[in-house]
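Here it is, the structure, as structure tokens.
A, B, C and D are the chain letters, set down in written order, and residue numbers restart from 1 in every chain.
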Amino acid sequence: MEYTNLFKMCGYELEEIENERSRIDKAFEMLELGPKDIERALETIPQNFDIELAGVRKLLGIWLEELLDLMLAKEEGKKLIYGTAPGFPCECLEAIRVAAPDKVYCANPEFLLGTVLDSLFGKHDELVEVAEGYGLPPGFAHCSVGETKLGGVVKKYIPVPDLAICMGIFCDQTPETEEMLSEVYGFPQPVYVDNCLDLNWDEWDKIPLRKIEYLASQVRRALDRAQEIIGVEITDDHIQKARVNLFRTLDGLMSIYGLLENDPIPISVGNIMPIYYLYFNPIAGREKLIEACQTLHQEGRQRIAKGYAVVPKGAPRVLFTCLPNIDNSVVHIAEKAGLVMIMQTVLWPIEAQRKKTVQGPLLRLAETYLRNPYLCGYGPINMQWIRETSRHYNADGVFWYWMYSCRVQAALNPIALRKWITDELGLPVLILEGDFHSTREYSGEASRTRIEAFAEVLRARKAAKSN
Amino acid sequence: MQAGEELSTHLRTRVIELTKMKGQGHKIIGYTPGGYMPEELLYACGAMPVPVGLIRGGEHEPVLVAGAYLPRWLDTFCRAQIGYKVLREEALYDLIDLLVVPVTDNNIRAIADCWNFYTDTEVFRFGVPHSKTDNGFQYYLEGINLLKEKLEQLTGTEITESRLREAINLCNRERELLSELSLMRKFERPPLSGRDFIELNHASFLADKKVMVEALQSFRAELKQKEAPVPGWPRILLTGSTLAFGDYKIYDLIEGAGASVVIEEFAEGVRHFSEVVHTDGALMEALADRYFVRRVPPAWFRPARERLDYLVKLAKDFNVNGVIWYQLMYRDSYDIESYYFPDILRSETGLSMLKIESDYDVSEIGPFRTRVETFIETIK
Amino acid sequence: MYSEFFKLCGFEAEEVEKESPRIDKAFKIAGIGVKDVERAEERVKKYFDTELFGVRQALKIWLRRLIDLVLAREEGKKIIVYPSWPPEPRVVSMVAMASENVFCETPEIVMDIVMGQIFGKLNPILEAAEEHGLPPGLGMCALNQARVGGIAKGIVPVPDITITTSFLCDQTPKTDELLYELYGVHNIFLDNCMDAAWEEPMESSPRCVSYFAAEIRKVVEEFEEATGVKLSEEELRDARVAYAKPVYVYQEIMGLMKKADPQPISQVDLGLLYWLIQAPERRSLQEGLGMANTFLRETKTRVDAGYAAVEKGAPKIAWFCHHATDPTVMHMVEDLGLAIPVTAVLWTPPWQRVKSQFTTFAERIADQTVRGGINRSTMGAVRLFQECCKEFNVDGFVYLYFFSCRPICLTALMSKKGVEDELGIPVLALEGDVWDTRDYSTEALRTRVETFAEMLRAAKATKIGQIM
Amino acid sequence: MEAMQKLEEHLRTRVDELTKIKRDGGKIIGYLPGGYMPEELVYACGAMPIQLTRGGDPEPVAISAGYVPRFLDTFCRSQIGYKILGDEPLYELIDLLVAPVTDNNIRAIADCWNFYTDLEVFRYGVPHTKDNLGFNYYLDGLNLLKGKLEGFTGTRIEDEKLREAIALSNRIRELFKEISLTRKSARPPISSRDFIKLNHASFHADRSIMLEVLESLTKELKRREAPNSSGPRILFTGSTLAMGDHKVLDLLEASGAQIVIECFDEGLRDYWKNVANNGDLMKALADRYFMKKVPGAYFRPSRERLDFILKLARDFKVDGILWYQLMYRDGADIQSYRFSQILKKELDIPMLKLQSDWDMAGEIGPFRTRIEAFVETIGRRR
């Protein structure tokens, strides 16, 4: 089967491809990927991403490589340990990986699989449709990440792991799905990382110790189980290393967002999502990822120097929450409508998050997460968050694209936040119900009119101001 | 197409333009769809028409938000309008100085009343009688005369005979061009797709009239020498209550299933172009004659058979292979007609019809797709 | 088999005797069997206060209306006319009184009251309509369904003419067009435009009146043309008077209800009178006044006797509209200890009580119809309810809107806010139906009304508390 | 039944009473359903607990669309709807809202009230796994709640007071259990409708009156000649059974079936287990309300709930299970799929799943058809 072009498009060198060929063949066979799929991939990728950029090509390559590793981990004699979407706290799996890179492969398989099959191979929603017949029916707003995982398991694309760590720190659906996998589809009984979303309205900048300790102990318990599996002790150093790794990746990611502070923007935000979605996955190719970021950053600087413009100068600039990782049509519609998304509010570290009240990597880890507003899905911090980001970036509006099937994001209540943002900050807000991991019900097309109208609202405001 | 590019750039900057014009003291007049508001009057007093409602639809969130202001048992599109207003997502709606509402039925009335009750927009109503009788004609004529006064008093500009005639000629020109373009779709291989045409039709509500007329002229020129892109697909007559700007789901599904819409008939949302205003004789009468008497009436007319016969005529003239009836939830007049029209259609033309009812809900797409696809299959 | 039941409904033994051939025929056609009569007897005993002579008289008239309606064709009525609901009652009265040859009846109301409220047998009729163009799930008005269903099921004869009132509702004309398409019935439309300006004073606009008047004249002409029956001005006046008299009596009864504590008579019983007035027909126009007066007299007596249909000192509410098919709902409300002195829709506000300044009969009728109220505009409705709640000095207002009625839905939430803001009394907006029992759960309604009642009692208590 | 009448009379004037209590300085403590709020603590400091239990009406759900996204559990959405409409007098009396946070749907109620009203909200978390970590976290939560209540009411919660409160609560639970168990008999002396009414009442009725009512009812039931009830026996389970949500109940009764036992995560009082009224009382409370309680579908793992339902099905000899849940309650939804498979394996009885968004006119028709068909099939199997 001929996939050389595909892998070249994804930043592979020829000899790399040759060396990998046997692995690729095996993995593609397991995933039932044939010539047709390769063709589609060759069309899809350029539509979704700006492959002129070497950095982007490298990124895509990492996705493919990780998927290969996942598929082959077992027969290459590694233990397989899964986390679950949304994957937080990522340090947990990263620490396990760091402790014994050669003994274990860690992953959130639903992300790898979903992203590669959808955004690279354009096999939209194949797995989602499967899942709908196996316990996650359509029409009831089941999370498409969970559906992707269930579909992958049913289709036997996702190997059964040696240990499943269920990240239930803010999502209720994942644990339910995970339980179904163990009761009905022969997955191991998961070990849970639990948490309670019980911060009080005025508590948001002083996280109670008991909450930190509870989350920390949950993570520690998971690590202990992992130790038994991999036979290597997971120490505080490993945890510390894991945290450092993630910080380094985050720096890379932020440096790319830094490019967008330039007007006009040199690259489409659509190319950044692959980094974001890799960043919190325990990938083996972590160093490559950081490299790729540097490459992309340099390319961006060069474009700026050349005055390259993805969207004409002077376009309204908005903050956004998050974007699909499988389909960039929303981004392209927005940018075509002359709307620039400059910063993903989730990533901005607000004052309160920088505070440290505890010592030791484990407790620190826990505290960082409890201070993350999006993750603890918590109104007041979100308000603070948007206040600080909008000030720092002097944004013209907020583009609230949220995952309709995610109860956390629903409970976060965009409607209430819109009221607050418009009243307090006087910024227009567009709330878009969407889906990060499926195009089955929400395609970019469906929201074209609203995005374009929103762009007009912002332009009109700018015009009014300048008058 | 080049003309397309120019037009879309014009449209993109339209809101800003209007904002500026408002700043310079121009009045922005919103009006509800249905084709009973003679735009000519607005142009004749130098005001800017902004078709409220018509220009937005097809999205679910405004419909949901409307739940807080109106029970859900009224027409989806009409509920959506209060939604947009409170969401403040539609820049044009905020520019409006006066909302003109030709009251046709309770659903449209709901828009007027909600804007009156929940916002501080000024609303001007005039009734559209439901029978084409002399009383009806007189009443409608009085209505637009009142509108005329209202506009003159609001803008401080008198609507003189000559300015009105000018406006009418301009609007007639636009109508003629639209109908020429539409008639091109009679060809076995239409030079433009249904979606293209309807977007053009919708643009004609937003764009500056002169710009629009020019755009249409160049379109016509381009299409004349253009090799028809649309293949010899099954031909569909698309009809229903409201076809809002942005509500293109149905077009995508039909064209996605390998058929082309060659002619539309909608009460609300599309510009009616088949009749022009006669400029001989008294102009106000002429307007009433065009907008009330010669206009094909919507389903809530009493009686409304005229529309159904017109549909049969269109089906024959455009030699279609099937009819798709696309209406919105709870627009009861259409529901009831959709029960007996298929028999009329079959006996007159032997064609079959598919009825689809939308509440602007995303979860509809799946089911709709299957139904449209099977329908297209059967009529191939 | 049914003589007991008919006696219960105010018939004399010999009347039943005399009528029995017609009754047999009618019941056969309407598919009313022994079981149904038993059920009806239970229901009447359970839901209506047959102690009251007025109630018995009313039941009697209703049963006769059913029989007359069902047999109209075979008894050789030359012209059968069905006005639609909501009617322009004066015009309907005119036609009803026009000639012996003309049989004019509002079949859907007869179906609702007799087949529904009395026999509890309406659903099959509605289901028949659901198969004849008024499908379920699309918010189709169940009253229109009763109109079509009665014909579709062959219970009521196919009419020659409909007088289709389309000045409030858009669905009625479509329903009658359906009758035209299905049965070739001649539709005469009575049209109007609801384009009153938002803050327009309740005194109606001349423009509106003259259009509606012209429409009325048109109806008369078309009717005369179609039937060859001439309608003289005198007849028209008489008809208007015949209609107006029981209305005045009804208003008097409301006057009593307003002052009375405890509430002397259940609204369910008054409903029988209410609907007779709402859907005039020859027989009720002739006998209705007498019955109305009986109601009035009996209510007076009860007030003097201090008879309590609802406990003394109960909080008072204005109720939106009488139920046509289901006696349980309003009984439930009264049993929960809420007095209902008034149902707001038929109440006549001050601006409708003034004598019309217009001269021609058509204009006077038009004037009456388009002044204020639901027929006028949303603001008209809001003002009507505010005025009504003031006048009856109620502690709350329950707006049970019929989910399948567009104009009623339209005003629901605005009326709630309008009344709450203006009078500072709580308003309960309830989604329900008065034409169809299948769409709501009385138990669920109970919970809502129950809590509402608690709220009113508490409010009352606090008021008293503050005073003391 | 006299007892029921007595209760109804009491309930009629209850709002009035509570209004007076409040006026005389009494504190009304509202709390979110789920069974993780030990009302004993509230009583022990002389305050009056009221659970948010109202539901079943279409209007509040529709209204809520302007305040909270529609993809949350229907009950949770409607709670802000009631507040906006001002339809529920009990809610208007609340001074402090206590929110034991179990999942995101429940959390949304707390947040909406925080955001749209000026009411104070106090949260404490309910962990999702029964182990020491979880137990201690929950216990901490209770202690914080205790402190909060003491601060709010200005009354210290003495052990004595708490012990009394617990004793009374235990007694009430016992009685509920006793009454519920009478329904094991072939001819249940009390209908599910009455039992549910009783149960819901216990969330805002006066406790001493509630106690009398229950006492006399148990006696009555012993004497009472049970109505002849031949209809199929149904186990009624799901996510939330709100006060006022009668639709399914009506339809089931109309179809001739009889509910003999209910099992809901939220809305009904959990009467199965009691508090050990000795030793460290706070520990005892945590033990009863966290460890001993059968958890909701959002637990991890949540198999315990399913096994409990199976046990009930056996003990009460039911012929069928009606799984009635509200729209977008994902936990219950996903569980229902597993459960139907387990059910087939363990004891082969049919289950009907209904998912409601409290849309009156839209749902009754379809529900009626499905329930009638279901009751007919299980009728034939008997």
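By our rule, a contact is a pair of C-beta atoms (placed from the backbone, for glycine too) under 8 Å apart; a residue touches a chain by one contact, two chains touch by 3 or more.
Only a predicted model underlies this, so the values are computations on that prediction, with no experimental measurement involved.
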| item | value |
| --- | --- |
| Between B-D and B-C, the pair with more C-beta contacts | B-C |
| Label of the chain whose CA centroid is most distant from the centroid of chain A | C |
| Length of the line joining the C-alpha centres of chain C and chain D, rounded to whole Å | 42 |
| Distance from chain D to chain B - Cα centre to Cα centre, in angstrom | 52 |
| Interchain centroid distance [CA atoms averaged], chain A/chain C, Å | 62 |
| Touching two or more other chains - residues of chain C | 139, 403-404, 431 |
| Touching two or more other chains - residue numbers and ranges from chain B | 69, 71 |
| Of all residues in chain A, the ones touching two or more other chains | 433 |
| Every chain pair meeting the contact rule | A-B, A-D, B-C, B-D, C-D |
| Touch list for chain D against partner chain B, complex | 62-67, 70, 84 |
| Chain C contact footprint on chain B (complex, rising order) | 69-71, 73-74, 103, 105-107, 109-110, 113-114, 116-117, 123-131, 133, 135-136, 138-139, 142-143, 299-300, 302-305, 329-330, 332-333, 335-337, 339-340, 357 |
| Residue numbers on chain C that touch chain B, as the complex places them | 132-135, 138-141, 164, 166, 169-171, 173-175, 177-178, 180-182, 187, 189, 191-198, 207, 211, 214-215, 218, 377-379, 401, 403-407, 409-414, 417, 431 |
| Contact set on chain C toward chain D in their complex | 136-137, 139, 337, 403-404, 426, 428-433, 438-441, 443-444, 447-448, 451-455, 457-458, 461-462, 465 |
| Partner chain D, residues of chain A touching it in the complex | 135-136, 140-143, 166, 168, 170, 172-173, 175-177, 179-180, 183-184, 189, 192, 194-201, 210-211, 214, 217-218, 221, 377, 379, 404-405, 407-408, 410-411, 413-416, 420, 433 |
